[in-house]
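Two complexes are shown next, each including chain A; its partner changes from chain B in the first to chain C in the second.
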Partner chain A sequence: MATLNFMVGQEQGNVPVTVLRVEGDIDAATHKSLQDKAAEIIEAGSTHILLDLGGVNYMGSAGFRAIHAISNMLNDGDTPGTMKSTHLKLLNPTDAVARVIKTLGFDVYLDIYQDRGEAIKSF
Partner chain B sequence: METTLTSTETRIETLRKCEFLQGLKDSVLSDLAAKAKMLNVARGKKIVTRGEDGSNMYFIISGNARVHHGEVVLANIGKGDVFGEMAVLDSGKRSASVTTESDTLLLSIERDVFYESLSTDPNAFKAVIHGVLQREREIIREVKTRSTKLMAYEKEMEIGRRIQAGFLPDSIPTMENWELASSFVAAREVAGDFYDVFKLNDLPHLAIVIGDVCDKGVGAALFMTLFRSLIRASSLYGNMCSGLVDAESGSVFITAGEVLQNSLLTTNRYIATTHAGSSMFASVFFALLDTESGELHYVNAGHESPIIFRQNGETELLDITGGVIGLFPAAQYAVETATLNKGDLIFAYTDGVNEAKNLQGEQFGESRIMEMTNPQDNSPDNFLSMVLEAVLEFRGEAGQSDDITMLALKYQSQTSTA
Partner chain C sequence: MNEEPVFDLSVKARLDKLQEIRSFIDRVGAFLGVNKSAMGDLRLAVDEAVTNVVIHGYAQTDGIVELHMQADGDAVVIRIRDRAASFDPSQVKVPQLDTALKDRPLGGMGVFLIRKMTDEAEFLPLAGGGNEIRLVKRGVIQTGTSESMV
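Let's look at the complex of A and B:
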């Protein structure tokens, strides 16, 4: 059965940023584990997450639903003054995932970075 | 791995627990117990392999094992269970594999030994046949229960499909100089595609909607009804309710672009706040057509780009102007404009078309639609049939995994004479 692998790192931007690297396909079978992992990180105190998608070759609609759920968990109680999440950003999606992000217009809702340093500084 | 440590009593007890040996006399059971071999098998060993010949049946004294087809586990078995008996009784191939889940102690009886022991008692065969049939009846009962459950599930699916079909328009408005065709081919599993075509109340425009709710199943079908109803209700009645249309004079203080924006902002905000926890979203292409001028105002919220096939052979893609709807309450949608001229055909579709896969896993793709021969020379009906045929031919033996929804609208090149 397909599973996701996670790597968690701590960085310091203007605020502390947790970098969550995901490896594997994010689909109907695996999206829950991503959501659970993020919930665990948020439970432990993280308020800003950079989701590193460099190891994800496929992301279906379930993956996008998981990302929305994570964004919801992070922005809990926040007043959205902007369309884009200030708590969740994406890093380095593969070409296949970037294509789907563009088709669904998810780049309208979330900032996407190619460079890790730049991404961390942006928080 | 052979051992003889277990007492004869334990062996006899183990055999007696087996349903189809229950009718045997003690003398036959003792004979079998004496001739049976004791096996001590370590965890993770495959004892029986599906498809292979087998001449032994096994009785579990202690430990656990799984009966499986590759990765799929059919049953978990343990102390007192028997396996491998079918191939012994009918000399056929093993119907499933069995692998130990823990260190397991087994009794193994070989086919010739089994029949030899039975032949010591004239009634033994009768007892075994009786026992086997008894088990057969239980299996039939189990299969019946399962198939009843499956039928109930199929019925649920059928209800879901009907909910979905009931929310597609019964009829499509007719307009002078315009020809419109729609096609909806439901996948076996309920999905969340929808389309809608209706005339606005306050403006002389024709509304055209095509959308796809994420995911599949009854949940997607239910959300489809919500998205579709909110878009229709807000664009038909929302303007009057918010004072943008004067009910008495009929004066309209709103443009087509604003109708689109208001409708999608309302729909998005409602679902993104009321149903925030469900994270359900839809991609939607929503257009308002001025049937007099051919001017088309549209919002593409994360949907596959509709294609305009111009009469002169050129093509134009109506790319996204915003993200999918239903997730982020503050989302904004830009309105764009395109103009349809006489002889032009516009084609909108859901991902059941471009993501249709053949057996090699290759996708039909947008480019195959773009490369269709002279769509603008066909009626919308013909064009949709051409696309559907091309998709079916491409897919070949591979099944349909998603709904296929298509709309085609053509500005007739000859003005019809009344």
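Let's look at the complex of A and C:
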């Protein structure tokens, strides 16, 4: 059965940022493990998460359901005047994943970065 | 009548078969010469359709899902068949993309994605019970680029 691999790192932007790197295909069989991993990180005190999707070759709607749940777990408020999250951002999605992000309108909610340093500084 | 060969896959309707199903779409798509962008769209549409069959159709009880994939000129036609309870896609709400994320319900994006990723998506009841989802994507086969089936 397909599984996801995770790597977790701590960085310092304007606030402490947890970088959660995911590797594998995020589908209906695996998305719960992403949600569970994020819940574990949030339970341990993380309030700002940079989700690194550079190792994700496939993500279906279940992956977006997990991201939505993570955003809710962070008790996310929007940046005033926009619907952008201040607590959850995305790093380095593949072209295929980026296309689905746009199709589902998640680019309206989540900032997407290609550069890790720039992403961390943005929090 | 379409005389092109039909490529078939029959698997247990389980979420842990999704990767195998996506791999089948990739292999047949490469054999038919489907372009890379369309391959990603078909992989996504089929994954979402089978996920719905497993979760909503069979309600994660035992069942079989059959895939039939075929070229039709420059188009690809994929039929997904099950013996699960009937499914009415008109009852599925369209996600509100202009609503704040915290105000959107979780999930509910599968049928929306299936329709976005294909040119046609028909949900048909089968005689004797079950459903067929017929997906068509046009203008995606490049002629003269077929590879050997892996």
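The definition used in the following text is that the second predicted complex is superposed on the first by the 116 of 123 C-alpha atoms of A that agree within 3 Å, B and C clash if a C-alpha of one lies under 4 Å from a C-alpha of the other, contacts with A are read in each partner's own complex, and residues count from 1 in each chain.
Here is the rule we go by: a residue touches a chain if its C-beta (ideal position, glycine included) is under 8 Å from a C-beta of that chain, and two chains touch if they have at least 3 such contacts.
Since the model is a prediction, treat every value here as computed from it, not as a measurement.
Chemist: Clash or fit: what happens to chain B and chain C when chain A is overlaid?
Modeler: Once both complexes are aligned on chain A, chain B and chain C clash.
Chemist: According to the contact criterion defined above, which of chain B and chain C contacts more residues of chain A?
Modeler: C
Chemist: Figure out whether A:Gln12 sits in contact with chain B (first) or chain C (second), or with both, or with neither.
Modeler: Neither partner.
Chemist: Go through the superposed model and pick first if A:Tyr58 touches only chain B, second if only chain C, both, or neither.
Modeler: Touch status of A:Tyr58: second partner only.
Chemist: Looking at the overlay, does A:Met83 come into contact with chain B only (first), chain C only (second), both, or neither?
Modeler: The answer is both, since A:Met83 touches chain B and chain C.
Chemist: Based on the superposed arrangement, let me know which partner A:Leu104 touches: chain B (first), chain C (second), both, or neither?
Modeler: It touches chain B and chain C both.
Chemist: Using the touch definition from the top, say if A:Asp27 reaches chain B (first), chain C (second), both or neither.
Modeler: second
Chemist: Should A:His68 be classified as contacting the first partner (chain B), the second (chain C), both, or neither?
Modeler: both
Chemist: Per the definitions at the top, what is the overlap between the chain A residues touching chain B and those touching chain C?
Modeler: Overlap of chain B and chain C footprints on chain A: residues 1, 28, 61-62, 64-65, 68-69, 71-72, 83, 103-106, 108-109.
Chemist: List the residues on chain A that touch chain B in their complex, please.
Modeler: Chain A residues touching chain B: 1, 28, 61-62, 64-66, 68-69, 71-72, 80-83, 102-109.
Chemist: Enumerate the contact residues on chain A facing chain C in the complex.
Modeler: On the chain A side, the touching residues are 1-2, 25, 27-29, 58, 60-62, 64-65, 68-69, 71-72, 76, 78, 83, 85, 96, 99-100, 103-106, 108-109.
Chemist: Where on chain B is chain A touching in the complex?
Modeler: Those residues of chain B that touch chain A are 71, 214-215, 276-277, 279-281, 283, 301-302, 304, 320, 322-324, 327-332.
Chemist: Which chain C residues qualify as touching chain A in the complex?
Modeler: Chain C residues touching chain A: 15-16, 18-19, 22, 40, 43-44, 47-48, 51, 54-55, 95, 97-98, 100-102, 104, 106-107, 109-110, 112-113, 116.
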